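My questions will all concern the structure given below.
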Amino acid sequence: MSNYELKVGVIGVGAIGKEHIKRINNRTKGARVVGVYDILEEETKELAAEWGLHFYNSGEELIASDDVNAILITSVDETHAEYVLKAIEHDKYVFCEKPLAIDSDSCYEIIKAEAAKGRKLVQVGFMRRYDKGYMELKNMIDSHSYGDVLMLHCAHRNPESGENYITPMSIIQTAVHEIDVLRWLLQDDYVSVESILPKKQTKMTHKDLHDPQILVLETKSGVIIQLEIFVNCQFGYDIKCEVVCENGEIGLVDPHYTYAKQNLAHQTPISPDWQSRFREAYDTEFQLWVNGVLNGKLEGPSSWDGYVASVITTAGTESTKRGGKIKVSLSEKPSIY
Amino acid sequence: MSNYELKVGVIGVGAIGKEHIKRINNRTKGARVVGVYDILEEETKELAAEWGLHFYNSGEELIASDDVNAILITSVDETHAEYVLKAIEHDKYVFCEKPLAIDSDSCYEIIKAEAAKGRKLVQVGFMRRYDKGYMELKNMIDSHSYGDVLMLHCAHRNPESGENYITPMSIIQTAVHEIDVLRWLLQDDYVSVESILPKKQTKMTHKDLHDPQILVLETKSGVIIQLEIFVNCQFGYDIKCEVVCENGEIGLVDPHYTYAKQNLAHQTPISPDWQSRFREAYDTEFQLWVNGVLNGKLEGPSSWDGYVASVITTAGTESTKRGGKIKVSLSEKPSIY
Amino acid sequence: MSNYELKVGVIGVGAIGKEHIKRINNRTKGARVVGVYDILEEETKELAAEWGLHFYNSGEELIASDDVNAILITSVDETHAEYVLKAIEHDKYVFCEKPLAIDSDSCYEIIKAEAAKGRKLVQVGFMRRYDKGYMELKNMIDSHSYGDVLMLHCAHRNPESGENYITPMSIIQTAVHEIDVLRWLLQDDYVSVESILPKKQTKMTHKDLHDPQILVLETKSGVIIQLEIFVNCQFGYDIKCEVVCENGEIGLVDPHYTYAKQNLAHQTPISPDWQSRFREAYDTEFQLWVNGVLNGKLEGPSSWDGYVASVITTAGTESTKRGGKIKVSLSEKPSIY
Amino acid sequence: MSNYELKVGVIGVGAIGKEHIKRINNRTKGARVVGVYDILEEETKELAAEWGLHFYNSGEELIASDDVNAILITSVDETHAEYVLKAIEHDKYVFCEKPLAIDSDSCYEIIKAEAAKGRKLVQVGFMRRYDKGYMELKNMIDSHSYGDVLMLHCAHRNPESGENYITPMSIIQTAVHEIDVLRWLLQDDYVSVESILPKKQTKMTHKDLHDPQILVLETKSGVIIQLEIFVNCQFGYDIKCEVVCENGEIGLVDPHYTYAKQNLAHQTPISPDWQSRFREAYDTEFQLWVNGVLNGKLEGPSSWDGYVASVITTAGTESTKRGGKIKVSLSEKPSIY
């Protein structure tokens, strides 16, 4: 790795944006955040001063600036597509937190723009692919020591959701992580999705949130995935991925480093939240993105992956509304992906 | 417990019948097998001689005999109903291995006959209810420390099935255990059942066996159960029961007593077959049945439970054939149950 | 097994004696308690009435009675030797809860008396040998799949001890179980024992109890055993046995049948007390003792094992008092053992 | 963190030196290796060319160079002290892989030199203090939720040792990690050490290696540590640290991210070697060292810790030779530590 440092501009500095500035400036080798833009001018200028960053008056200005080599988009979902397209226009690498855009048509706009440039410029923030457990699982599947994958049982559980969290978000914001990582894990595409609503948790939900929810996904090769989403499980941030193969079951373990025996129980800790569960995955994701950008070779989740996720989550929320299995189909995939 | 010993007559002495004779005579306090009948006369006479039992010329003769106080039916499935009805006719307690009968109408015949007697005489061999793990789970659910049950993920895996094992058996012979034990665990009834067929294991199956299979069961109170049946999983006899509640997940652990660290792996044993997995459950089942009979108070799975299991398994196999969710309904439940 | 029932007389009906009466009469096939003696006449007569037993006026009378085929001694430790010798005198099988006698000389008296009869009549209550985990460990060691055993780390932990529990009891009453079961597990004898006193738990102890304590045992073949005794660990009844072999580590797992995820922890239960931890082991111990007596072939822990345990525990308490390693040697072993 | 990068010079580029160059240049934020020296001139010049480093003709030249801000010593053990002293002389920060020096007198020379400078310049490579598990354990101990620590059982196991590995190395090279990390964990000092030799593993050892070995360490506050060292355990790189406290046991878990069920066993992976087990700990160690140097505030293991480790390992090897417990005492501790 050369001494050259990638100069990153960040658009949107809410909680996750701030987290990523810290990550890049303190832990990511070969990159440095140099500029920032957010609609909240005053606060953002303070932040800029604190980290020694340039404050830009707009996302467009930041993207266009010669002082910025690569863009990180952590602004509100509705603005993602516009900024990504602008970055592509300027031939700049851009890392966009999920979702790539708020609907699949907008995602496909990006795909067309990027494909027209003839090379990948966009990476979408599906950090699960960089988690040690999922990477190990992928190696195990690829080794074929357990035979073909036949079915999966997965769970995505949060201790609690905020008040503004409503039913479709269980799929669009939460299940989307599994929807992406399982495609990658299986190297397979979905053909249908169905939402099933079990008995509702009533202690921590409201009239617009039916929680938990189950998605049944079917892939081209016939693999069935049963995915539980439960955003008010109360007991911890708990991610399951159990893969049933022809001659064995393999799966994720919630990583833990200590145990305690106390009060008649042998206890191992469960992560309290996604930040602690996937901190290393985020670190790896950014390090590899920076390495990829510096080498001109992006290998992470692409616009295409962002588009597919959007198609599937849309179908999923449709099934929640009207019930039954929804078949899904994708538009043409350009050759750069 | 008095010194009086229950004198048991056994009809049908295949593998499981022989196992139960051994169990009763060696490990069940308060009971003794005294008589036996099986269609294979010669072999059965040898067995009778070995254990000092009387050989009867027919099931009817055995049931009618004054030397026999209680009947154990372990003959082929098709003969169950007839013998159970005969035992009821003679006012004798009868333990019938599952299924109670080969269809739900026959089960209901038994219910009517038993109800006419005004008391329970029949117990069906659903031994899971006597497994330490399930009993502990039931206590945990009943304690309500985890809140309401919302959904379950269960698996019933056998290392391999015989050549005559065909698709409907996955439900009728295998899933039937979960179908019964989960009703008991949840104290709830099923309203629908759907079969989903994932990618087929091709190494150990044949054209008439689609393995694995998934059943999705819904209960009256809205609990959703996802039940995987996989009878050629190769790696062991593996039973899962994971119960997601409002503020916690609880579940079965495959009991094991030792571990080994060897070859870069920390290993705990998985049961090789149902006999080793549920040996204690069978012992407890028979001891409590004998105790119940001696006290005139049967508390185990009843004819009604046998009937319900039949209704649900029938609906399940129908769903496998024609696809989609099948609603189920039950006939009237007599007051003795 | 014939229909003949072993008629057992019980001497001493404190907590454990009552437990064994229940065990034999409710769960042990082929045996029945018929008579009882205890120094507390009134209470014992009530108990006798409750279970339909004959009350004897003395242990001697009970032992001598023709109505009693086998003796179970659960009286206070000081009386064990006398009753065991009396039973031997009457050529009756006798099961004696540990210790066989209160010192090794008295144990050796029993050995001489029994050896003079030319056959084993005595079994000592070391129930650990009948625990599933230890039995499985023994098979694993005997298989030699892990190579020679080199060293062990064991722990014997109780949640709390009574007020009368004093330092030497940690060895005489508590560690004695490991001292016996490890000899059996390794088929090896001890050559030395040393007691080490770590930092004292001060919350639940008193001036005459130094708790925890560590015993370092060395065997003839050079195996080193580090045994922790901690009778006020508070968190549960926790038994460890980790066996380091030439190419693997094997060990006991505290058996559990369920798990729970709650409050940011994955939890599995720890036994609250020895009764729940070793209930099955006691059941198996008595069933096999009865089977052995009925077949005239005792295979459980013998007087010799009781004697050896006494020699080692004596040396252990000596080391606690004066510090340092104590070499141990045994008297001659008669050929019947 | 400023944009300023610490310029590191590395002395000694064997396996671990190369590993650290990679680590610093690819993963450590705020530092860059700029120069290198090793006795193997040709190979080292190639390495220097590959990474764009300056090759120095001697360790002294490298240390003296104005282009080098901080020194990393990964040369052979015998040369450590000399280079560390030279770095102190030049008022430069120096990171020295363990051991600080080959005997405690030499360690104390360093302490005197460093103390004379009035501030800490030296950090010793005890990376265990940066392992997630140990850090979590320390927090648990410090929380005092489990009461005082009473005793520990630890194991340090390697799958196999090289041919040149001889008995004292089990303490000097292997146990030294526990000797340091446990002092830190307990914030306590050792008063005695004793070596016990269990049955020898004969399959992979030779006449000059008695493996395994047990160290019994006692601390000032009375805590007893039983530490097993087994460098040919064959089954994996397996680190145990079980801490028995007044009302609970806490301990390390070998971190793993996946499981597999196959061949009648539930399996979780064991690390194959220390590199994979402690990779993150090394990364954290270097990142925090660099942060500390840039902030002028070293908080890692100091010369004093290196000296104490040397005193204890020396006493340990003495006990292996002549048997029995060796009391240890330390020279005066300068105020900078």
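Should a chain be cited, it is by its letter among A, B, C and D, assigned in written order, with residues numbered from 1 in that chain.
Methods note: contacts are C-beta pairs under 8 Å (C-beta built on N, C-alpha and C of every residue); 3 or more make two chains touch, one makes a residue touch a chain.
From a predicted model like this one, the values you see are computed outputs, not experimental measurements.
J.: Going by the stated contact rule, which chains contact chain A and chain C alike?
T.: Where chain A and chain C share a partner, that partner set is B, D.
J.: Quick one: which chain's Cα centre is the longest way from chain C's?
T.: It is A whose centre lies farthest from that of chain C.
J.: So the centre of each chain is just the mean of its C-alpha atoms; given that, what is the distance between chain B and chain D in Å?
T.: The mean C-alpha positions of chain B and chain D differ by 58 Å.
J.: Approximately how many whole Å separate the CA-defined centres of chain A and chain D?
T.: That pair's centroid distance is 38 Å.
J.: Where the centres are mean C-alpha positions, what is the separation of chain C from chain D, in Å?
T.: 45
J.: Where does chain B touch two or more other chains at once, residue-wise?
T.: 235, 238, 247-249, 256, 261-262, 268
J.: Under the stated contact criterion, what part of chain C meets chain A in this complex?
T.: Within the complex, chain C touches chain A at residues 235-236, 238, 254, 256, 261-270, 272.
J.: Quick one: which bits of chain B touch chain C in the complex? Just the residue numbers, please.
T.: 1, 3, 25-29, 32, 131-133, 136-137, 140, 145-146, 247-253, 255-262, 268, 280, 287
J.: Okay, in this complex, where on chain B does chain A touch?
T.: Residue positions touching the partner: 147-151, 153, 155, 196-203, 212, 214, 216, 221-224, 226, 228, 230, 233-235, 238, 244, 246-249.
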